[in-house]
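One chain, chain A, appears in both complexes that follow, with chain B as partner in the first and chain C in the second.
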Partner chain A sequence: MSLVLQSVVLGLLLGGLYALLAAGLTLYFGIMRVVMIAHSAFLILAAYLAWWWHERLGLDPLLSLVVTVPLFFLAGVAMQRLLLARLRAVTLTMMSVLVTFAVALTIEGLLGYAFTGTQRRIQLGYGSAGFELFGARIAVVKLIAFGLAVVSLGALYLLMKRTSFGWALRATIQHRDAARLVGIDTERTAGYGFGLGLATAAVGGTALSLDSTIYPSLHWHWIGPLMAIIVVGGLGSVPGAAAAALLLGLAQSLLQIPLGTTWAQTVFYVALFATLAVRPQGFFGGRLAQRF
Partner chain B sequence: MPSPYRRTRWAAALLLMTTSLTACSGGGEDGGGGDGPIKVGISLPLTGDFSEPGQGVQQGYEAWAKIVNDSGGLLGRQVELKILDDQSSADRVVADYEQLIGSDQVDLVVGPFSTRLVVPSARVASEYGMLFVEPAGAAAEVFTQGFKNLFYAAPAVANDHYNHLAEYILALPADQRPKTAAYAAMDDPFAQGTAYGLKAKLEAGGVKTVVDEVYPPNTTDFGSIAAKIAASKADVVVGGSQYQDGVNLIVALQQLNYQPKLAAFSTAPTNPEFAAAIGNKTEGILAPTGYSQDAPYPSNKEFVEKYTAQFGKAPEEDQANAYTTGQVVAAAVKAVGCAEQGDCQQKLIDWVHANKVETVVGTLSWDDTGKPQGAHMIQQWVGGDIKIVLPADVKEAAIVYPKPAW
Partner chain C sequence: MPNVSRRLLPLVPVVVLAVAILSFPSLAPNPYILSSGIVVLNYAVLATAWNFVGGFTGYISLGHGALAGLGGYATGLLVTKAGMPAFVALIAAAVLVAALAVPLGMAALRVRGASFVIVSIALVLILLLVFQSWASLTGGSRGLVVPRPFPSLLRPEHHRVFFFLYGGLLALALLTWWIVDRSRFGLGLKALREDEDKASALGTPTFTYKLIVFVLSATFTALGGGLYALWFGDLDPVFQFSVLTGSYLVLMALLGGVRSLYGPLVGALVVGTALEYFKGSFGNTPLHLVATGVLLAVVVLVMPDGVLPALAAGWSRLRRTSQTSIREVTAAELRDQRTSAASAASGSARSADSAGFAGSAGSAASGAGATSPGTDAGVSERASAHERSGGGGGKPDSPGRRDQEARR
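Entry: the complex of A and B
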């Protein structure tokens, strides 16, 4: 049936986007045990910068990545050094919720101040273009967003597995004290890791802006589903989050056929409750110490 | 916490301000009626959630006062607007109208913006027995409160917006008439009202509903809704939309290359930025509209000309609705020959109930609850421009059906 096929295609494209949006969130938790409520606010900030870039400079929003990715990386390092590293280790996870909540509110307020609360959408010449594949339509903008997700998650994977920084980062995730004993500067590594997470937010926000309406308070709409994804995927595991994102994106898209838009959104929370009840460590990540 | 000293200082400043204000208004007052200006009291959301449309409504009222005054005023008296800012709050709006009627002793009041503010303010006006013509309360709940003094100064309420289109579709010969329709509406009384008004009429006329989707106002991904509509291959697609959701839904439908025979969306297509927002692929899209700068009603030409001269741009629907409100009140005042609180107000109310009024949105008349008896004009995007196509007596172009591919 063509509707099911179409929904599968839409669901996979959506799931890919979810994977990219959730990658940073799970990374922060893995590296630092930080719950980063402001992640989705940074996504929306990046989306606004892409919109502004296209609106003011007339350039393709994808080119804004040249500026936003380094910028967000530096912002991430700064945020880790100046805010999160100062929290006491014992209460870090809990207090990080409060600190990043404040950051999220600040970003939302500044966005409203700078761009007003009016809803925005990037007006692209190829915004409604699409092509036919095995009887399903694929929109170009959705495919670009999916492509961005594949490329950046692939790059992240290679970085983690093949570079000495990646080894240091994984060592920090697995056992901070042991990492320090073998001579890894875990503080600096954690800072860069945090920057890396925020850099994925820059890519994710730009991908999001291609085919979606944005407004300053939109991040509240995203943080819930993204949190659900990283819990289902196993906190701290990027591949786990990617698998959970694809699965939940697909489920949401297919459930819309019988349930409608309003109820299909609840799939994230049902999955979250089920995971916490049945397998709190998540379905895809394995034990925390072995992740990545 | 402010120090007691500071608080006293504030109180003193407030007292000073109040006294000077009283002194100012005291100077111009002459006990109601007579040769002084006719004072019209209005509370508007100039700040807060509704500040954007609120300011539009303010401009419409200001244009009305200026045009009336330039042509000699009402009953030979100048019109003076007294506008308070209710900050989009229902509590403030009540206090504002209490103040306008009770202590400021305005001669007339007219309505604020948005259903949420119209209902509480109409109740205040009703307690004082004042005529209450309003530019913005189109939802059903406004007319079920039992108000005898309220009139909505627009052609139609949400459910009746598409009446002309429904008549047109059902009058088509059987072999051309669409057989199936898909509806997608925002979970919002106004947006949903427009789509469901048309749905009820088309279903009664035998057009089968194949998709009926309601989405929450914060929906940003319309891919799945569009997939359902596209898969149903419905002849007609109707969107009960505001602005961005309409744009998103149309783009999502175009991404799936869905080509209906007729596509109608409320609100979004009449927005000046609409064509650019969907990459100019607007061909054949229909929309109901309560106001058009090009509508050939006699007073509309004057309004557009003078408004443009005053504000440097042409009026939109918010401005026109406020202006229409002014026109209705002015017509009643002229016919009855009075404008003050007291017995005069009941005469004004009775007159509006019994008569039709020529306005910039056409001839208006109301039922007992103050609900207007008309329907909206239908506009269509033809060749990169939006034109009135229905009803026949005001059309600028013939309706194009089936619609060309978008």
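Entry: the complex of A and C
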């Protein structure tokens, strides 16, 4: 029983991280109909930066957020302006996949070149600390990662709902031409939205670096589950992605008990194929998902 | 005699290709070069097989590496576990993969674009996971050793035989692509590539067509992968189910041009040779990934229609500097051209069909296209090609163009 409880807790904590990352992917898709393969490559890049920050400067990896979040925001804006906005509108979805795929390969190659393929892990003073809750043991680092995810998702929610930039962004997602008619600079808004999406990768990467072993090709292990989450959640729906993330994270964690870690990962792909076969527009998707 | 030369021109690449494939094993200075040649031919087969989906339907698959790996593993397992003769196993493996491609295609092709790519990547990742974990069947990370089909042959002879086998497979794939390209089926596929909604509204069974061509592509990919298993004799899940293989194929096809018969072949020659060269001189470094990534991004951003078509367009622009888009043909000349084209063209009914499709696919460029003499199938194809590449060109406002702008 305590094993199940433990798995539920771990699954929810992991699901929180998935939710944050899937929110980023959903933002890109909503804004530009872009499937951003490089999202998880940026995630690993942020994790490496946090590791490097800890290794070289001796500072807490969480402090690297001060640098990586603005940096990734700018990188996102630049990527939208310089790469994705230049693609032809007709073939945007397909070609954007290729471009972001190329970016992912480049990042993986550069990481391998700069830091070699050796597996890295941050040794933290509080790395092994934890506490008991109803018989389930919770590691502090996992809780911090979850906390980061919740805070960022909350901030994202407030930004989207309460600020005028958020209104402009949601208007751009809902109907680009109409947004332009009411005077929104959709190009700039789309760029900032993209930067916002990439900033979630920075937060996620830092959270990931706290308690995971990282290596350059790790991003392939993340992109599959994340893709499955946004398809199950319905492409373009942030709450849908969050719900699917928690659900699938929980399922993965629970299936690890009978199946082991490797086979438990297949739950994402099974969910992906099942969703496409039964309900291609996803389970929580709105109007956007119908068209893809 | 322009007519004779136009008739003979398509045969030139065929002859060049046949001579190159037949003479290369004798010209190769050592078995290593010959084995590199086999690797490049393998890429050429896979890229041509990829182009059945990528070129005709415009759906870009990053997962074809997985289909090749599946073909390889199926062949290897049928030989080692079921004791089948090597080439029977190869055919059986291709049939198995084709059968598997049906449900895969049904899941992936029901929805447009984005989901297809996601599924294709997921396919690679899930198969890597399964083949690594299921060690009792596949040998896991230790690899699967496939016995050589011709145990009596020495290594160089073995290479030579497989070089010709790959050559034959490539010829078969190219021939099939060419037949599909000229068929009614191919026209339907191209119509759905240009505009799926309109094609389906006109009565093209888009889903069935997509599924058939996907299965066809999977079959050829599996044959290529199976042949590789028989030749190389050692399979490792990390290399068989690598996302990188799929991206190499995409890069090759895009580089050469997805709309032409020989495009993927040329791309495979360039990229495959470069890959083999760099592997030989520098070993496997992470910079491979960087080079592939940068090249892919450049091709997609600068020449999404491929290098060959870009060069061809540049050449025709140079050649036809005097020709403008304004008609400079008298009505009498035009009538003569049409009558001679109609009587000369074999299967003129088919070409009339194609003109109808191109017109309905939102291409109003036929006015410009029709000035150049030629068979009408060629004209309509070129006209729609013009329209597609019209993004940066100085084409006057056609309805199709405006449609694009509005969607942006």
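Following the convention adopted for this analysis, the second predicted complex is superposed on the first by the 288 of 292 C-alpha atoms of A that agree within 3 Å, B and C clash if a C-alpha of one lies under 4 Å from a C-alpha of the other, contacts with A are read in each partner's own complex, and residues count from 1 in each chain.
The rule is simple: contacts are C-beta pairs under 8 Å (C-beta built on N, C-alpha and C of every residue); 3 or more make two chains touch, one makes a residue touch a chain.
Treat the numbers as computed from the prediction; the structure is a model and nothing was measured.
In the three-chain model built by superposing on chain A, chain B fits alongside chain C with no clash.
With chain A as the common frame, chain A serves as the apex of an angle whose CA-centre rays point to chain B and chain C; its value is 80 degrees, to a multiple of 10. When the two complexes are overlaid on their common chain A, residue A:Leu45 makes contact with neither chain B nor chain C.
Legend: residue contacts after superposition of the two complexes on their common chain; A:Thr262 is shown touching both chain B and chain C.
Look at A:Pro280: by the touch rule set out above, it reaches chain C but stays clear of chain B. Note on chain A: of its two partners chain C and chain B, the one contacting more of its residues is C. When the two complexes are overlaid on their common chain A, residue A:Tyr113 makes contact with chain C while staying clear of chain B.
Legend: residue contacts after superposition of the two complexes on their common chain; A:Met94 is shown touching chain C, with no touch to chain B. Looking at the shared chain after the overlay, A:Val69 reaches neither chain B nor chain C.
Once the two complexes are overlaid on the shared chain, A:Ala129 sits against chain B while remaining clear of chain C. When the two complexes are overlaid on their common chain A, residue A:Ala104 makes contact with chain C while staying clear of chain B. In the superposition on chain A, A:Ala179 makes contact with neither chain B nor chain C. Nowhere in the superposition do the C-alpha atoms of chain B and chain C come closer than 6 Å.
Note: residues 221, 262, 265 of chain A belong to the chain B contact set and to the chain C contact set alike, using the contact criterion stated above.
Those residues of chain A that touch chain C in the shared complex are 29, 33, 35, 37, 83, 86-91, 93-95, 97-99, 101-113, 117, 177, 216, 220-221, 223-224, 227-228, 231, 235, 262-263, 265-266, 269, 272-273, 276-277, 280-281, 291-292.
Contacts from chain A toward chain B in the complex involve residues 1-3, 6-7, 10, 13-14, 119, 121, 123-125, 127-130, 132, 137, 139, 141-142, 211-214, 218, 221, 252-253, 256-257, 260-262, 264-265. Of all the residues in chain B, the ones that touch chain A in their complex are 187, 213-216, 218-221, 223-225, 227-228, 230-231, 243-245, 247-248, 251-252, 254-257, 276-279, 281. Note for the complex: chain C touches chain A at residues 58-60, 62, 106-108, 110-115, 117-119, 121-122, 125-126, 129-130, 132-133, 243-244, 247, 250, 254, 285-297, 300-301, 304, 388, 391, 404, 406-408.
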